[in-house]
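In the two assemblies presented below, chain A is common to both, partnered first by chain B and then by chain C.
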Partner chain A sequence: MTRAETIPTTPTRERPETPVSTPGRVGESTTRADGVPKVTGEFEYSSDLWMDGMLYGATLRSPHPHANIWSVDTSEAEAVPGIFAVLTHEDVPGRKVCGMEVPDQPVLAWERVRYQGEPIALVAADHPETARRALEKISVEYEVLDPITDAEEAMREDTPKLHLSGNLLRHIHVVHGDVDTAEADVVVEGEYEVGMQDQAFLGPESGLAVPDGRGGVDLYISTQWLHIDRDQVAESLGLEPDQVRLHLSGVGGAFGGREDLSMQIHSCLLALHTGRPVKMMYNREESFYGHVHRHPARMRYEHGATRDGKLVYIKARLVFDGGAYASSSNAVCLNAGTFACGPYDVPNALVDSYMLYTNNPPCGAMRGFGAVQVCFAHEAQMDKLAKALGMDPVELRIKNAIKPGDRFPFGQEVPPPAPVAELLERLKAMPMPEEEDITGRDLRRLPGGVSNVTHGEGVRRGVGYAVGYKNVGFSAGFDDYSTAKVTLSVEGGEPLVRVHTAAAEVGQGIVTLEAQIARTELGVNKIAVLPADTSIDSAGSTSASRQSYVTGAAVKAACEAVREKVFARVREEFGEDPDGLSIEDGNVVAEGHGIVVPLAELLDGEEIGELVKYRHKPTYPLDENGQGDAHVQFAFAAQRAIVEVDEELGLVRVVEVATTQDVGKAMNPQALEGQIEGGIAQGLGLALLEEIQVKEGRIQNASFTDYLLPTILDMPPVKMEILELADPDAPYGLKGVGEPPTIASTPAIVAALRDATGRELNRVPVKPEHIVGISGPTGQPPQPGSRGPAAERA
Partner chain B sequence: MRLSCTVNGEKREVENVWEGESLLYVLRERMGLYGSKNACEQGECGSCSVYLDGTLVCSCLVLAGQAEGCEILTVEGLAEDERLHPVQEAFVEAGAVQCGFCTPGFVVATHDLLQRNITPSEAEIREALAGNLCRCTGYEKILDAVRLAAERMAAS
Partner chain C sequence: MEFLQPATWREALEAKSAHHEAVPIFGGTDVMVEMNFDRRRPGYVLDLTRVPEIQVWERENGKFRVGAGVTYTRIITDLKNELPALAMASRTVGSPQIRNRGTVGGNLGTSSPAGDALPPLYASDAEVELASVEGIRRVPVGEFVTGPKRNVLRREELIWGFIIPEAEGPQQYAKIGTRNAMVIAVCSFGLALHPARRKVGTCIGSAAPTPVRAKEAEEFIEGVLAEGDLWETRGAISEAALRRFGEMVEMSARPISDVRGTAEYRRRAVGVLARRTLSWAWAEYRDGR
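Here is the complex of A and B:
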């Protein structure tokens, strides 16, 4: 019997029983099929993989952010009892570099390391502790070099080059109208900075590689995109793609951090060398070195407007620190360059977006991808402008809101729907939470909470607004497609639909959505979504808020193709006009006539299967002036944050976040709410808590003790209003929903802090010292003997 | 060393435990009980929460040797006769599960809270779950799940 096989599994572990899910269709809050195994603990994540006779792999990483490697001696490590293999770059049989966009990163470093934590050697042992101890016996002779740790410095001509291509990884130059001749009555300038955020998914990077005995390998892995991993693994192992089979294992969150390779090639190398299954699993500290982070950015803006508040021009210079290797920096730079001006109609703009190589940790994809950084800056600028004009900040935004038919500064026409003004108007109309008396309040509802640091004195309230937007799907000419196979059969007398794609379920709920779509299109209740693997063609990446759109469309199209075949057969056998037919509860029904034939009877033991590849409409690269139809779809969200700030101690309590978002179609309302709430939490983290502290190229806080994530105490209630304005090009009219909430919440919360404190707060995360004014506006520590510039202003 | 303890009502003995192994490691890698999770292994996230002789602990912070002779209850032991515990049921229904990596820890911590206090206020829920991190949900649906479970358990 075929079960609803949404549960990842190893060859040796028995699959748990059929997960129960309510049989929801598109538009209904459908509980997850994998919900039950997740609450009982049976769901198998990649860190839970286990196989008889397996070895544990471990990675030797560079302690230096920049060094030459003169030699690597593995002999002592090889002699450790319980060690089965010690590998270096010499053992990489195929391409010795990898990378998603640019293959510039060594699989295992040779000659030079460019960041702290760069992999140099691998070991496999019979106990993870033995493996870790053997790593200490590998001796590497380094010549330590000065690290390049500042993106501006990396850009200078006289700075040594980290890569043959130079330190400038990408430059996007957008020219729109003519900023030089544009005349403005009011001009505001600002400099903004965003710190390095971590995806901090809870499930550590892990995987199990199993040699197949014929030179190939099966890899069970948590990832966002099986096929791009497969291709890179095959290249570096010197194998044909079909000798490398990837199977999606349970993924404990991703948020962009699993788009690049971690141990995919490494575990396969060890497995093929030892002939044994090899499991690799990072611990939390290693995870901070094992994946890319959100790019830190420095952004300079100038906004000009007429006296009555119409934007005249925007100038922006954006500098991103890409770290040591390219990852997806190219695309992040493009996104930042195209979204730099915000969702506003501006007649003149000049944007320069620079991406630099440095010796800092490599940066790449994280939820919001280039839009998060610029949104923090352009929204702060809009508030500044409103203040200079004496205008209400929401009114100013509405006045300049972009609408369908306008042109974005990168030349693309704004496609409908683009309800920016409507989102803001509705947001403004949402009721404010009742203001609770400060005195006599439960301590837990005050900034600082049970630390009992304030009883209300010095506490001020502030309100802030922001609107953010971003592209959905891959852009600039990328061949962005997904593949789905849908098979209709009858098992045990009951119709069953099997849906197979390679789309990575990372927690967002694509598996549930695929089932909802199949149920809706084929009128069958029992749906089995097969495990994602590389036995079917690519579904593309689970990123850029694209899976519901692209894989959703592929599944829908495959279902439609199956349905057409069913109807063709009904016409052949029963002479019914296919136009009037539908499938309901497993029966083919003709309009006005009721049941024509049950599917069970019609199929008579046969299966009907269709494989469909779906591509969204093409996009195009930008020209030298940064103009082009680069993006497929745009998603917008507006947010209002209310904060209470203890001005003396710099402590913050976010009281509420309200949001309006256009989602096209709420495919699964409960899951949608979960995306919005979760996205806001990550934006709150960036606003107030989360930063990887990097000093001289070294991470200072690679642990959850020192890298602070929002807890349930930090997260306020979220109020939301969802707009469903259909995008005519998208399946069911849907829009990607995962990213906009994260983009808008950071600037909204910081705007509220500015409102409460009157301070400039031009860097995130905002720290207590910024709020009380004992450090400078860009987070520079105060000079000895000075009160710091912010304090002087205050 | 050898370790004997009771896990989810069953006597368990494991041999060759290295002294440095945590209870979490033994549960997962030696007993095959992978339900308790390993998100941080340093006491910060609560994903490894289990009961040790009735007390809620982070099993990553307990040395395996400390569990000698103890009764351990893990997330795998909460469902009875194939029926989900009301807390588990509520987490599924309320949409409190996304990637689910935090879920076993939240389920055990909520179980503990509701055993002590069947009508927790919102502040009490937040305080009780402050030691559990979730990166996906923004906690709203988790609060819903706790309220739903409390309601149902109080009614039964």
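Here is the complex of A and C:
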């Protein structure tokens, strides 16, 4: 195969332009630079990348959840006209495995496949259709093995091991006080289950790898964390990190699903092998196999309390299905173990959180990261306890609410602010929506919506409350830093600030926030946020609700460093005391006597640039009893859901969700509202709709026809009350806001359903079957050979 | 792949007769999904969107003759009073985009048991008009659909459209989906009262290999209405009779369990829908509508 002679260095279709946002400082709502292009369809996502002479990559995936591979024959595929490369594990020049926490996942499988959809071979062709067809010509000889599809089964001693290290991927054991001697007047027990939710980002995995002609590669990619991708790609390609340059492309949502690699190494392998740019793009179905999902969980709880409603002890046994490979399961297991008891002051607790390998789809990061599953369970338990005590469920929560100075069950002292009781009190005080007459309503305001299933028959109303919390930032000793470079210059006579970080904009608005911070700190209106890439050091992941905090702090610190230099120069040249100086509208201003010098004049053609690495307070791993200062910041949100349920049909309309949340500082109020509403929508999805159904290791509904996301008709209006209690350690006092709304909404909605129906509903998503009281996950299994009605239509 | 684009119905029939394997496409909301998923790689695609003849509806002796290319949106706007159940069903289809492109003709072509346009056609004894260069034939919709995604369309034929009597009484359509919009039916139910003929038409959707009429339930309720002189007196149907009607509809369903719902739920839900839709339609009838 000949190498392309001239290699253009950047794709002809550019990555999103450097966003220029409308003026706005910290605390103001600003218009997003990418807002209009996204709404009008002009925004360039990574799936739009295009380059002259590029090839299309495609992936051969295992149809079996568990099998030995005896041979892979690529000869027929190689002979297909238009095919430029067919690669297997033998063509991976460097490390043949990858993984964020544990490198246990083959870049391309050899000897064994452990989940349905595991990549085995790659092709590159001059047309996507040619690539797809060539995949069919690769013959793989499998010996199909029984899949291990149940986490409990995986835990048993006599179950075959999926990995050399065994099937137990992580166990977190938290001992707090002594549950054995604790005496309770009232005890409630429960078992809860959470199904496998998907991030369901709308822009499927895609990217473009461009060889640089010198052995290295540029990868244009949508991801959450450029540097962890870069490091893994370089390792597997056998290259130095600086030979692999990543550039953030337009990201169509992430929610955790882009923390792991998908086609990053694959496209680079194909590009280096063919010497041509290679684009890879999954379709919707492949996307369901191409990224990790939220961990399904089975959780057993026991709560003990005094007669007057003080928690005495909590016992929890949590079992998570990690699927075939580790992904970020370690950290999810730790999070679940530490947050298992909820934001309550409990003197005694025993928590065992287990994470297992199985042959199910790999699970990893998703918004809420371990806190979502346990919150569903601990909040159901609190309601159960309230019922057993004859107490108001909100009163019970307030009575036990954790507060600064208390200790979490994992030993860490609760840092201020931790306004759990206040959030609940305010929530309770929020006005209820007016109850609308059931008859004569527009169908869209009834369960079932336009499908016309009820005109009020069978409809009951219910109200439910929940409160949840989680950590912001990476935990347990992780070196969780971010890097920012801020450069002040004068262009066209006007001061301009360039902000450069590697923080991935995945829709949350970090690029807007970076500009707001620079504008606030440097008093300059024109801010250019440069495209994120690996030419600067890491910003860490866009996950764990951490980017505003960590990259925000890095940008703030870099701005401060630039400002100090400006002031130093002013002192040198004008003898002004820096203490009284500030920058306003591009002028250095001295307190009391106005403009000292315009920046344009002061800089005189020079630039002032500062590069800053920011680290938050250190965290520490847990000890063998699950004790330690593991987390840096905690974010809390409480929610109230009002639902209407058709008792006979099990269909639901969520009428309203009200929420209180402490955000430290509302950096950009409109973006904050977006995060809260979006988070609630995702929590509603888990409560009522969203589940990847897996049967014997196989996904049954890999499409948006059958993986149902909430629509605008399913999503209720949201009432919110925002608390801004500053965290003294965080920039501007802010708290991460991306995840907390997702955590409390699922249990609040299900609590409301229980209130309306009196049913136990201990599994999410709650299905109509469960509401009407038809037990069992499936009635009668489909008849072999008979293609049923609904199955006919995908 | 070749793309055939006839400008007239005649040309379309000729094209189909020359290329039996050609896949007709109108809204493409089923065809394109199949092609995008690579489930279908047709050698020829026969685009019918340029054929004006099938994009009209007309009255024909108290009946409506509706072309295969009339979209859901047009049915909702043009025929909501004349064909209420079909208009109600059309409102439940997909999203505005899908309703702007999708057609009843395509729904018939696909012949899915979950097709929302089908139960109203069954409940009103509609006929499907099929055509080839040789001529036309009309087939009752219940005979047209023979199984899941199977029908009696011959390889040289196209669907011209369907013929459906104008509503002579209240009609209803109700559909279960776990989501409140944009959802494929878990199960559904269509109902039409025919006061002049003293008949009640029904059809269960998505709870058997094809849409099915609940014949016994129809006969039962017709008996109740006749015995009590209810057509004449416009008196109320007893709660017990409504319940029994629902139970009999349940018994006519032959549902399966799949990712969208269990067989047991489907069965129970069609019973509830049957009872409710009958009560609504009867209430309208009593109000003189």
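The criterion applied here is as follows: the second predicted complex is superposed on the first by the 754 of 794 C-alpha atoms of A that agree within 3 Å, B and C clash if a C-alpha of one lies under 4 Å from a C-alpha of the other, contacts with A are read in each partner's own complex, and residues count from 1 in each chain.
Methods note: contacts are C-beta pairs under 8 Å (C-beta built on N, C-alpha and C of every residue); 3 or more make two chains touch, one makes a residue touch a chain.
Quick caveat, the model's predicted, so the values are computed rather than measured.
With both structures placed on the common chain, the touch criterion links A:Arg653 to chain C but leaves chain B unconnected.
In the superposition on chain A, A:Thr711 contacts both chain B and chain C. Looking at the shared chain after the overlay, A:Val453 reaches chain C, while chain B stays out of its contact range. In the superposition on chain A, A:Asp34 makes contact with chain B only, not with chain C.
In the superposition on chain A, A:Arg156 makes contact with neither chain B nor chain C. Judged by the touch definition given at the top, the superposed model places A:Ile680 against chain B, while chain C stays out of reach. By the touch criterion defined above, A:His593 reaches neither chain B nor chain C. Applying the stated contact rule after C-alpha superposition, one finds that A:Lys767 touches chain C and leaves chain B untouched.
Once the two complexes are overlaid on the shared chain, A:Arg441 sits clear of chain B and of chain C alike. Residues 283, 444, 450, 705, 711-713 of chain A lie at the contact with chain B in one complex and at the contact with chain C in the other. The touching residues of chain A, counted against chain C in their complex, run 132, 283, 285, 444, 447-455, 457-458, 648-651, 653, 688-689, 693, 700-701, 705-706, 708, 710-714, 767-769, 772, 774, 776, 778-783, 786-794. Residues 33, 36-39, 88, 91-92, 110, 112-114, 148-149, 172-186, 206-209, 255-265, 268-269, 272-273, 276, 280 of chain C touch chain A in their complex. Note for the complex: chain A touches chain B at residues 29, 31-32, 34-36, 38-45, 47-48, 50, 127, 129, 199-204, 250-255, 283-284, 442, 444-445, 450, 506-509, 670-671, 673-674, 676-682, 703-705, 709, 711-713, 715, 717-718. Chain B contributes residues 18, 20, 28-29, 32-42, 44-45, 47, 74-76, 78-79, 84, 88-89, 91-93, 95, 97-104, 107, 123, 125-127, 129-143 to its touches with chain A in the complex.
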